[in-house]
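These notes open a run of structures that come right after.
Shared between the two complexes below is subunit A, which pairs with subunit B and subunit C, respectively.
Showing the complex of A and B:
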């Protein structure tokens, strides 16, 4: 294996890892703060991609769609939280089912509105960049930059703002935080909307390199969940580690054997890791 | 002391339900009779999920793995594809394999997942979801069991005894055979649920730690329930495939697993009979409405599912039964005890 191939492999792996992080970030925030397993997250991702499709269909430019997607999906998240999620907060396992129902309904609504066939989104940056002796698509680097920015912004919000302080307070002890005057209801609403907006952004930013169809959400949902559990569900940092393990192993195995084998191997590996370290890889060292 | 009194309305209901199913072929067309025979296999499958989820609290997102294993085991045996058994494609043997193979897989899986620190609640759900995806992938890529195309021309159930034999392919005998199996499975599991063992399962569902502190080996209970549920699901899969004559990867995967969750949630997870009826109800309504509603049907099903989770945690049918039996107990005919 030459240097170029290793470089390509590393770039592909980083690409996949950062895409998973982008999806998993919203999931882990919603899970950590609200104890809600959001099975509809893949469909929020889907809605982000379809926002771009809709904007382009109406004659708008891709960048406008990318800008609108997190806003639109964030608002949808706000509505879903109000209509469905808040009724099942106290029934932990039922959140899985309720959001699963949402996922079915949203997916089918998309099929009705846009048809079951796949759509394509124009490639906004159709250039390649010269790295040593090979060319790499610029847009993939753009996706990685967006993901890094989102990770940075999320860490800043959660560790450097009053909102983040309140949110971490609620994660640590919800009742105590409420006693101290934190409006947990408002926080839940904002958190869910923020998580949904991140999923929408992820869907929009990934749309030019994927075929946009109603089934695209599931392909990211399961790896994202496994990343969170492998890394450790209580921490943002755990998600980064988990996604690196899942995404890295998947890219490597896909290169060594085939994408199908890679998926099977990675899923089985993830199940074993989750069973052996229920607190996640990071959770073993970061005890609160 | 009060247990028989409490359960009396449900027992009466069970007799009414099974009695009406027994009489139904008198009024149903042949086509509907064979449809219902197939729905019964879904019903048995739903009961297996209600046992582990509704009673024991194991939210399994991969129950179809066991249904599919049963279906494939039955197909492979009756198509004479098992090395050494090519010349004896027997339905009996197929049934044995279809029950034992899923039980063995569930037992090994359960040993890995439940003991030690073990996986609980949502973690178990997500892990079983991943297992379902892996199982479907494997089925699609394993050529021995037909890969993506699956196994076609699976023969119908055939019972040979002392040289004489009969294949089950006429709708009415098939209907009664499947109904009998369903009643037996229901009666057996209902007895289990009503026993001390069932009480411990529900205790684990409500509070695993407290049950442990009372001296129960909760992992053991979960393992037996999971294994039993898997074998019942495998039996349902075997019955299904002999009627449908076609085993394909969707039977083992994620889609059917979640469909079963919907049946059980809409029917009622805490009552085996409600779960059984949930499967039948969803399939019947789907049959009636999917033509008129077209692609809106799945949307409606999703919304119905959300509503039943949010508003009726007992399930739609379970809620009706619950209210009816409450009325019965207050003002209805007196029951023994």
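Showing the complex of A and C:
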């Protein structure tokens, strides 16, 4: 394998990793704040992609769809939180069942609205860029730039803003945060919507390089969950590390052998890491 | 300032408060005394809105707050220093204090200088992780975190518990100073009788979820039989 191929592989891996991080970050924030494992998160990704399909179907441009997707999915998240999630907060197992149910319902709704077949989204930046001897799609670089910006923004929001301080306070001690005057209900709502918007954005930005079909959410939900388990569920940094490990291994194995082998490699690796570091790789280095 | 009538509340397993009546006067320290398990902490948690009110009413600063949520009660000027302090150990001292300020409007985000002046020890350690402070320092932080919201009424649950005497003395002087200077009202739950006698103006005694007696602190100092009756095992 030449240097060029290694470079391409690294770029592809980064691409996948950053997309997983977008999905996983929403999951981790929602889990941290509300103790809800959102099994419907993959479907929020799906809804982001279908927002683009819908916008294009109505004659709008891809960029409009990309802009609308996080807003639309964020609003859907707001509604789901109000109608379903808030009623099951305190029953951990029920949150899994309820969100799983939501996931099935959303998938079927998409089948009814758009049909079971896959859709394609137009390639918005159909250019290549010369890297040494090979050409690399510019749009994939765009995906990485968007993901990096959003990840950076999320870190800034959670570690540098009043909202983030309040959210971290609620994660650490919900009752005490409430006693200090923080409206925990409002925070739950906003955080769920934010996590949903992240997933929606990920779905939309990935839609031109994937086949958009009702099952596409699962392909990101599973690696996102594995990333969180491997990295550690307690912190955003763990998500970055976990996604790098999972996404990197997946891309590498898929290129060297086949996607099926990649699945096996990833699962075996996840099991080994979880066995060695039950609190995740990053969790291991943190106190308690 | 605070007026509680026929208050009943408790946990799912059973009722702890059985018709509490209690008044806390403005600008004074009222101590709530009683043996363990009589409902002192439950009363504070109910006042703060953390436990639902089963019956009765709570009026605070001229308004009925019986059905309000904790954050709404905090916005009206009640602050809580729980037993065990419950500071945010992974956060810096500064972040802990800023959290205490979050209930205020956006324009008043800063930690008031008056609070930092009163807690020079914390002002020096703003960037330290709160979890690395000693127990006494954490207690000071919990009190400072409550005071940055500039409350009208402070609920204090066993501030001297597990803390070395020199810091208890410091806390006592500090609170006395704030009450005198700013007219803060305090409802103090405390086992340390010396601290109570030093700070409180009135003592209310709680037994089986009811306030059964009230005495001025002078009376309590003169007549040891009162403490004997309500506190001895």
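Couple of notes before you dig in:
Everything that follows uses one rule, which is that the second predicted complex is superposed on the first by the 287 of 288 C-alpha atoms of A that agree within 3 Å, B and C clash if a C-alpha of one lies under 4 Å from a C-alpha of the other, contacts with A are read in each partner's own complex, and residues count from 1 in each chain.
The working rule: a residue touches a chain if its C-beta (ideal position, glycine included) is under 8 Å from a C-beta of that chain, and two chains touch if they have at least 3 such contacts.
Remember, it's a predicted structure, so these values are computed and weren't measured experimentally.
In the superposition on chain A, A:102 makes contact with subunit B only, not with subunit C. Look at A:181: by the touch rule set out above, it reaches subunit C but stays clear of subunit B. In the superposition on chain A, A:229 contacts subunit B only, with no contact to subunit C. Of the two partner chains, subunit C is the only one touched by A:173; subunit B is not.
Between subunit B and subunit C, more residues of subunit A are touched by B. Shared contact residues on subunit A (touching subunit B in one structure, subunit C in the other): none found.
Contact residues of subunit C toward subunit A in the complex are 48-50, 69-71, 74-75, 79-80, 82, 86, 88, 90-91, 95, 98-100, 102-104, 106, 109, 145, 149. In the complex of the two chains, the subunit A residues touching subunit B come out as 37, 84, 87-88, 91-94, 96-98, 100-109, 111-112, 218, 222, 225-226, 229, 260, 263-264, 267-268, 270-271, 274-275, 278.
Within the complex formed with subunit C, the subunit A residues making contact are 162, 165-166, 168-169, 172-173, 175-185.
Interface residues of subunit B facing subunit A in the complex, by the touch rule stated above, are 57, 59, 112-113, 117-119, 121-123, 125-127, 129-131, 133-134, 137-138, 140-141, 254, 258, 261-262, 265, 295-296, 298-299, 301-303, 305-306, 309-310, 313.
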